[in-house]
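Take this structure, written in structure tokens, and hold onto it; I'll ask about it next.
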Amino acid sequence: MARIGVFVCWCGENIARNVDVQAIAAAAAEEPGVACGVAYKYMCSDPGQTLIGEKIAAERLDGIVIASCSPHMHLKTFRKTAQRQGLNPYLVEMANIREHCSWVHHDREQATAKALDLIRMAVAKVRRDQALEPIRVPVTRRALVIGGGVAGIQAALDIADAGYQVVMVEREPSIGGKMAGLSETFPTLDCSQCILTPRMVDVAQHPNIKLYTCSEVESVDGFLGNFKVTIRKRARYVDIAKCTGCGQCWNACPSKKNLSQFDYGMGTRTAIYVPFPQAVPARPVIDPAACIRLTKGKCGICAKKCQAGAILFEDHDELVSEDVGAVVVATGYQLYQIGRPEGDDKLSGYGEYGYGRYPDVIDSLQFERLVSASGPSGGELRRPSDGQVPKTVVFVSCVGSRDNAKGLSYCSKICCMVNAKHTMLYKHKVHDGQAHVFYMDIRAGGKNYDEFVRRAIEQDGAHYHRGRVSKITEENGRLIVRGVDTLAGEPLTIAADMVVLASAIRPAERVEELAQKLNVGYDEFGFLSESHPKLRPVETNAAGVFVCGVCQGPKDIPESVAQASAAAGKVLVMFSHENLSREPEIARVNETTCAACFACRRACPYHAIDQAEIRDRGGKLIKRTARVNPGLCMGCGTCVAVCPSKSADLDGFTEQQIYAMLECLA
Amino acid sequence: MTMLDELHQTCRRLLEEGSVKVVIGYAQSAPDEPAFPVFIDDVADVGQLVWNEWCLANLTKYLLRKDIRALGKPAIIVKGCDERALLVLERESQIDRAEMVVIGMACPGMGQPPQAVCGGCDVHQPRFCDITIGEAAAGDAADTRYAELDAFLKKTPAERMAYWRDELSRCVKCYACRQACPLCYCERCIVDKNRPTAIDTSATLKGNFAWQITRAFHLAGRCVGCDQCTRACPAGIDLRLLNLTTAKAAEAHFAYRAGMDRQAEPVIGGYSEQDQESFIR
Amino acid sequence: MSETEAIRLPSPPAPLPQRGEGSRDEKRLPSSPDQPSAAAGGEGSVFEPKIIAYVCNWCTYLGADLAGTNRLEYPANVRIVRLPCTGRIDFNLIVKAFEIGADAVLVSGCHPGDCHYTAGNYHARRRWILFRELLDTLGIEMDRIHFSWISAAEGKKFQQVVSEITAKTRQMGPYRAYHEICQS
């Protein structure tokens, strides 16, 4: 006969307010198979857990039910409690009488009745739990970092410095991400490239880092500790091993008027190009859409000029395979595409700001390039339309952010600081210029951030107007910005030479595709989902896959770097063990009764079921059967549902357990 | 030469040259009675094989029986509907076509008087056999295939429930339907499982409903419409209606008919991102 | 420690419904706020539907947790059975729920494309499409079986779905047709 212990938590008064915890502890004790029923104020606390441990020993319990909060909260906690007392941690179940009961039902009688039902179900379940042992899995101690921006670079360096190999995959021809294109960074006004490029070089030269640029992750197979990643190396058309970076090719290239992606369209480049002088690798790439040889079959001057014979017009995409044990996703962001025709359907708005219509209405990343010393105008701020130096520049906050109606509902976090920075950069370049900022709020919560904004206003003379901009039009070569100053209570119109829109930041393009390959969740905006917003911000629900940087949510550089190190830390925890433990709540097949129809094999999302043969000692085939690979099974139970003979079952959620739980509700 | 003569000649040849060890076919004890299965392993007995409108049974069931397998490599006589079962069994790893010789017989329809269900058949001519005897018009009854079901669905839900209460009250849980069906091959059927008892084995309405729902659902996208189950049921329950339901659903939603296309992916165990979900909120 | 322990008291205090006492229809539960108590109806009782919800651990269960964290109130009739994935839910669990006296069943999981196990919900959806047709032919009341996609961020949706199902089932009354089958 079972000896189950039922422990009912008051949770302070979170549960006790609406559920009669004493009564249900007493009633639970009367249930068949229950040896004791105990109520306590805080089960998860130290004395609470000690109480559980004492009862396990004193009452010789062979299973426990904790009636308290959600298992997502504390199931692991209580499993450890049991383990410390020598009780198998998988003989622990929880009844969620808080999130699913006391917090949502305020009729005490009903809530108490439901709580008792939930406890009965948990008792029925735990009575049929099996003692399970974690599955040991060897781990490949190599990491994959997807994305070569500042976050990816930080994570890669941390892991590589710890002595493990890192494979970094970057979509663009160079690493560096958005930070490489910035002019200066807040709140210190450091030269962005000056602080980033040494780390980029570290990555390139690190003996433990293998860098793939112009590459993307094609597919990911396997599981925690044992991922097999297929990487698509896109055709670069240049052999970077032979290339010396001498520049003869791009100096000779006749296809010159291509918009530069690195300059966000503010400048041009040749068809064969290095994205920026400090690129890593500092080797060119050919844009196949702009190259005359690749599109029309003519020219080929670069190949003639190249002394190293590094031009490869016949280059093609290549698929390579890498085995890794952990994946860090650091794919960064893009800006909300305002009013551009190819933008997202559900995000189309702000055409009234004239972006795309008036060349002098630009977004913040474009402004960074215009003021950047390595930018298209060599650091002199000249406006795109006529090259004149703008004397009045308006910066508009919250374009696309914080807007439920036609944008994104969230705050992009960095734009207030970016605007302040831009007003200061502008003032430093154009001493007689006047910066105006239309803002809703000022969000400057970081270290020295508020002081920075004050500097922009008090020392660099930026005019801040609290209000939104309704419309931007052009009259006589000037941009008429119509807005409102809510503090003064009046509409405000400014005639500007240039307008900079602080557009919302969004996750990078096609990140959802990547997330699905990795089995990582994402929210409605595409930001990758962390396991827990407060307590596990860099892990995902896909074991062995971690996130850092803006791909997880809007944040600035210090936070991205901190998260990157955090993710690296998690990877290093994984790598500190020779073997990893896998949760043993996985499927198993009763090989005696299996009819070998292999419906389970077809259905399994992880290809975790194999065809196996059972032979006698003479080698004669007795029968064939399906067999679950415990290293691959993730415990979803799809196989159980499709099995016609119900030979497949799922430890921790067996057919017997579910039926027993239902029966006790009859 | 008649089809029967050709059949006899073929079977004698196969046995004489040793290509097969046993022929699974039809025999009769009297001319106007349903044929029963025979297992001929001697050339001298080939004359027992018959071929006429009484060859209702689906012989593919016997391919999975251990005692029949022990007889050696078989030749099996199938009609178009039986052949569909072979395709499903092959897809589900139950048979290996290389281990048998399949003799397909063109079939204009079975039964005396002709069965209604044969009127709706579109596989009068077998398509994937090793040896095919006879020729029949393929038939195309797409619009009448589910006529019986469509007529039934004109009843209100309450009427339908009353109908099934009546029908299933006669079920005695003999499991003849399961034994007769070539696609019910699980050695330990789910109804025989008692930890937990998924299906009440007693012949009460509760147990009968649970059993029939389970069996019908396990045949979703697999039933080939050979009608063995309906013929075998001693209580005369209209099992065909239930099987037609899931067959129609598989065809309507997933353009899939069991046993028609050797390459098609089975319905259960697969999915499409485009599967319709108007009923999911 | 001063906190109380309650072990084997002679009898549980009064308000708990005793198992086996009276038929389910006469459960002595007071009406919930959104419905006036039915003074008529014989014994002054109100029909409280029994609703079983099979939910997936990663989406709907967390969505229900979120409803709890946000203190979104809903009727107390639902009993959640937590499963790793909707892919685990076979049709016989739905039949079993009705067999033990449920008046409505909810099956809920992750939105298509977001399944924690990548494809479990796709498999489930395919089964549901076929199973509904079968139930329809049998004359089983389709209005008593509900399917939904509720993500971990949709606490409000969980509250709404459960509230609507409870209200609707209350209106429809107990599922006598199937319960009678199971008792005969």
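Residue numbering begins at 1 within each chain, and the chains themselves are lettered A, B and C in the order written.
Assume contacts are C-beta pairs under 8 Å (C-beta built on N, C-alpha and C of every residue); 3 or more make two chains touch, one makes a residue touch a chain.
Just so it is clear, the model here is predicted, and its values are computed rather than measured.
Novice: Between A-C and A-B, flag the pair that has more C-beta pairs in contact.
Specialist: Between the chain pairs A-C and A-B, A-C carries more contacts.
Novice: Name the chain whose C-alpha centroid is most distant from the C-alpha centroid of chain B.
Specialist: Checked the centroid distances; the maximum from chain B is A.
Novice: What whole-Å value do you get for the distance between chain B and chain C if each is reduced to the mean of its CA atoms?
Specialist: Measuring from centre to centre gives 39 Å for this pair.
Novice: With chain centres taken as the means of their Cα atoms, state the distance from chain A to chain C in Å.
Specialist: That pair's centroid distance is 34 Å.
Novice: Centroid from C-alpha atoms only, then distance chain A to chain B, rounded to Å. What do you get?
Specialist: Going by mean C-alpha positions, chain A sits 52 Å from chain B.
Novice: Among all residues of chain C, which ones touch two or more of the remaining chains?
Specialist: Each of 96, 113, 119, 123, 127 in chain C touches at least two other chains.
Novice: Can you list the residues of chain B that touch 2 or more other chains?
Specialist: 190, 198, 268-270
Novice: Which residues does chain A have that touch at least 2 chains other than itself?
Specialist: 603, 642, 659
Novice: Of all residues in chain C, which touch chain B in the complex?
Specialist: Touch list, chain C to chain B: 91-92, 95-96, 99, 112-113, 119, 122-123, 125-142, 146-149, 161, 177, 181-184.
Novice: Which chain B residues qualify as touching chain A in the complex?
Specialist: For chain B paired with chain A, touching residues are 92-94, 185-190, 193, 195-198, 218, 265-266, 268-270.
Novice: In the complex formed with chain A, which residues of chain C make contact?
Specialist: 1, 3-9, 12-13, 15-17, 29-30, 32-33, 50, 52, 58, 61-62, 64-65, 67-69, 71-76, 79-85, 87-90, 93, 96-97, 100-102, 113-120, 123-124, 127, 153, 159
Novice: Tell me, which parts of chain A touch chain C in their complex?
Specialist: Per the touch definition, chain A meets chain C at residues 10, 20, 22-27, 29-30, 36-41, 47, 51, 70-72, 96, 98-101, 103-114, 116-118, 121, 516, 519, 521-524, 541, 585, 603, 605-606, 634-638, 640-642, 650, 653, 658-659, 661-663, 665-666.
Novice: Which bits of chain A are touching chain B when the two form their complex?
Specialist: Interface residues on the chain A side: 592-593, 595-600, 602-603, 611, 624, 642, 644-647, 655-656, 659-660.
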